[in-house]
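Next, two complexes with subunit A in common: one pairs it with subunit B, the other with subunit C.
Now for the complex of A and B:
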């Protein structure tokens, strides 16, 4: 079937017509209201509507950088979001700095000053071998950051793969997906880690694998109702009727509908993986003892918790703060990054519909746009 | 004159090849339950054909069969030919190429048929992005042009579906269906979920866009009043069978099949002014005495009020 003859001509005529009309409107507005701030001799740009699309394409949405700014600002305005952002930034900064510098080298020991209370020399005290607690916590932050990030990735992949299977319209695939999830979800994380540690030995990979699998299964189970609802919805049917293929339907139409649930679940995966790391390291199947981590700091100091409680307090506090921040981060992302939940991501896009002058962002553009639309409605 | 020409065309073999859509002996069964039974219909080039039937007569299943979106448990027999290509034996990948590019679908529930997380412009551009290699600027320009053609202000390009009214949502749905200038537009009860005044404007918009594009349309509905405005010929379906077909005006004037008669009477009682035949507008008038049963369209209500006031 060939292209309809004359389609190209018609569309280019439409385009130039649209451009001329836009040009006429704009010059008309300039005549009516001189407060736009642009001199009358200015060359008009080619398009109307939203700003020149970025590489991802705007399509009525704001550019990526503007959206990110709005999201971060919205998160900052919520108390939970602010706390989460601060902790995340601190965590990231400490991890990066610890690669180059810690107050004391990690292998530094001082038997004469073991279990010391906080002093000027050791702000958080020392542990059982006289090593500086602060240095070990700083170094541990990068291990836990790696574990959190990798666990999120692995659980996202496994969770989405299983969800795709469960909402597929192929009956055998959907049934097998459900069976797999229901059968494997009963296996606790610790047991899985022990199973992996036997052949492979204790390592970060064991933690990531065990946590990734169990949280991925959990995520699939929780995301499934939302995904199933989206898969049977009229808009997915409409998308398929437009010619969208199966995979694209899943990733571009079904998964975005599950965004709120997904955001919260992935942040919980990250937070719980840090708790799991502490527990597994204590059991000896997590991070090896030569690698710094918060679990390692907890493990070495919890033995004498009744005698030197302060040494346990610091890693405990750090883990608590970071895990809480991760959970709150998930909530904040769910509420601030979703254009359906955050009106600011919507209003701004609507306000910039027709006039694109860099200095006139926000209310000025909105006023002019409304004025132009009154004109349009009357004509 | 048109009748005899149409009849003559139907009788020649070449006519089959000029039909945009040709459904021949289509039967669909789901779990031993027969949904469609040897349904045959055709839509010629530039023709607007209506498919009318009561709820449960199999209309929506026919639409699914035409686009290859039947549920996996369904068994389909017969042939569906679009512009000379058999759709029933195509695999899903090839069908995905046809859908949206040569066939455009307008859905019944506009609010549900729009993806809630996509902006209007993203929604409209979707078929273009799927089927054509265009850069972002061209996509944007075409989307804006299409918005204008369906009568929506361009400031709505960044709006999300839940910010639009029902009529605006359906206009977006129509824009999405028509942006690739498809040969065939299938409108699956596009006005059922809208109020009567918006119905009229949506139907007029759809008809004018289809006519200006020179495309064909299959308009599916359960309301004869809507068909009289939108189509020249229609097919009546009841319980999965085609029970009647012919020019819309003729069927309205003199329905002989019981299913057709029931549908025409229902339309007459609610909205259609009996006796003016094809071209009568929706809400043009109300038979005396049945105003209380109508309840659709503000002009109907106004007439009823006036009658009561002056009685």
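Now for the complex of A and C:
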């Protein structure tokens, strides 16, 4: 019984969670007031070590593989998610393949057939030095994949560190965190990249650093309201009161509650980093000239766009497809990996819980599933 | 297509009058077309109004009358307009336009030709705004300029110039021998830009108002040619002006306005002293269009009538449209892939030779549009001493590999080299070289940098393996005789030959020595000459008199005229 929160408690927590996502201060207040009536309930949960009563109470216990399966299946059923998944898989596959094989070696040039139209030998034509456009785009996909992944990592680290500072209960740290973010957020990515490129020269690291820092700041700024809401919630206060460490509270309770915002922000970072790579490479502060990337392909072909518009189409198309897919991926992850938004996750978890809880208290479990069905109908 | 070039002043004037009227009429005609469109719209409204009128019957009596009147007025206007237009067409004979716009690539930073480097300055100002003691024709030969004749003493140490008479600067001041001597002595005293070209010049003096005497410290066969460039420019010693933004010279054009980010506007000099080079077009606007696509669009949209240079890969579309003539012009631009002769890896002659054998010049030229010329040595075809040296190092990968093997490298054990060049030349050349050299066991990393960085690292400090730059100057062979220049090429035989060429008092001997020296340089392989860049010039049909050679170094515009082709 201790492992299962009371029915009323659970649904109220879910409701408050849903409002949290809307970002309403009100819900926090409501949760606090709601919990005032049941202080013992909260405390009980803490003692049992259940990780996330408000959201993951039923979610944390699902095996990773099952959870992943459900998430992917849900994503696949949404048109946007399916598009994103297909493009992501293709992107990964092409990147891996390009490590071992491209139709032509990257060093291949043939000046006699520069700016050729698509033919059987060169499906996407050739560029200004007679190199195969397809080969360069394939090889470029791995550079851009690396840039996107690294940017997401760097911006996540910076963003979460700043968020942690801003929602800290040390007042000076929180205030200075807010000031720092507000001040630095004004620096544009391009300017930062130019600043880095002067001493270090054009490189992938410059793109990742510039994007990582600016997107991290953006993310911190956007995540902060949700995170501070969670930080002031009763369960966090309770966790702190029961002696849970600062970092554990942050990563177990605050970060997961910001998951929807995080998913969208990070996928935006990934998508925008691809655009930034193209733009910065065009400006000459992105990837160096011999490294294949989509920005490189765009830059070399855009020089003669008024005569050979077709050559610039291919890298443009690839960038557009991938960036759109990344943006949609974020939305899909938010909708499908969040048990509040995805009833299937709750169902699966609920079903499992039902078996276990049912043997202990059939009545309560029955009402849990009822409440879930209600919400499913709503959504 | 009739062109009048001021030969008959009166007829010219009447012709311009009729043109003015014609254009005025045409303008009116065009304006009249707008009311016509408006009328169409108002007829549409009238249907609505009449529908409305049915609903509100009170006003129905007045409205149609208004519309009938409006329609009558419009019909009358259209008729007038049509009549005027047919008249205008009868009256209009094709006449030279009062203005022309020219697009070039690089903008000068300022107009201060005595201190500011950059070939765009020479290209735009010499012969147009400023004039030199002697001038240069399209064959890169010296011909009379401010001086109408000259004699050179037998020892080659004294030059006596006879100046034209009644010469004036654009501000009205007279130009005589004292201005010439002052300008040249100032050049030496203040070490103005390019004063090093006339190192052997000791002093200038003005015995009388039309005679200038130059004394040299030793004979210099290039002296006259250099005097047709910056060192020979004549400035008004009494004028005070800001040389960075304006210019007072004696040329056929005045600087009307200058903005280094967009354009230079030249206006015909009403006080021009001569008749031979009198400007044929009143206003010449030179637009600076560094971006190829923007330049192309400027030409096709009619913003400029001439584009020099136009990217050779773009000319196919222009030619096929039938509205433009495109031709490639010879010049002195040499794309030099220099090998650091004292560098750790490139001091080995076998490596340098291997690189020259490994480069497929034909392919590089083809990818650039196929108009550039192969060049095997340091002297371009427009300079004295030119010889086709492309046979010295023909494309031969087998030989290149063999030389690399002798030097101790192979494709499995490649030699690592870095190519440093300015990003203004695009990434294509670097990529092609990387690809071609990889086949013989050279792992070339390409480092494209800002031009200023190249100037600092390579040109000034000589710190590089391989460097690529467009040496646009003519008569610049002397760089190969200076061991401290960034080539770091030091061959006493070449230096001796060049000394002989300078000392030679007749052009033929001078050219012969230069030819020998150039061959020697090319054999030593201190660099590879990728190609001689031939500038493609595109112009709208109806443009005449635009220079057809050496457009990158001298661009005399007095002859340029534009007669719009009327359909």
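For this structure, a couple of remarks:
The definition used in the following text is that the second predicted complex is superposed on the first by the 292 of 379 C-alpha atoms of A that agree within 3 Å, B and C clash if a C-alpha of one lies under 4 Å from a C-alpha of the other, contacts with A are read in each partner's own complex, and residues count from 1 in each chain.
Criterion: contacts are C-beta pairs under 8 Å (C-beta built on N, C-alpha and C of every residue); 3 or more make two chains touch, one makes a residue touch a chain.
Just so we're clear, the structure is a prediction, and the values are computed from it rather than from any experiment.
Of the two partner chains placed around the shared chain by superposition, neither subunit B nor subunit C is touched by A:65. Residue contacts after overlaying the shared chain place A:300 against subunit C, while subunit B stays out of touching range.
In the superposition on chain A, contact of A:242 is made with subunit B only, not with subunit C.
Set side by side, subunit B and subunit C differ in how many residues of subunit A they touch, and the one touching more is B. By the touch criterion defined above, A:110 reaches subunit C but does not reach subunit B. Listed in rising order, the residues of subunit C touching subunit A in the complex are 292-293, 296-297, 311, 313-314, 316-317, 360, 362-368, 423, 426-428, 430-432, 434-436, 438, 445-448. Interface of subunit B with subunit A (complex): residues 67, 69, 71-73, 83-85, 92-93, 96-103, 105, 107, 109, 112-117, 119-122, 125-127, 130-131, 136-145, 148-149, 153-160, 162-163, 173, 176, 181, 183, 214. Per the touch definition, subunit A reaches subunit C in the complex via residues 107-112, 114-115, 128-131, 284, 288-290, 296, 299-300, 302-308. Against subunit B, the residues of subunit A that register as touching in their complex are 1, 4, 7, 10-11, 14-15, 17-19, 21, 46-50, 52-53, 57-62, 169-171, 233-235, 237-246, 253, 256-257, 259, 338-340, 346, 349-350, 352-354, 369, 373, 376-377.
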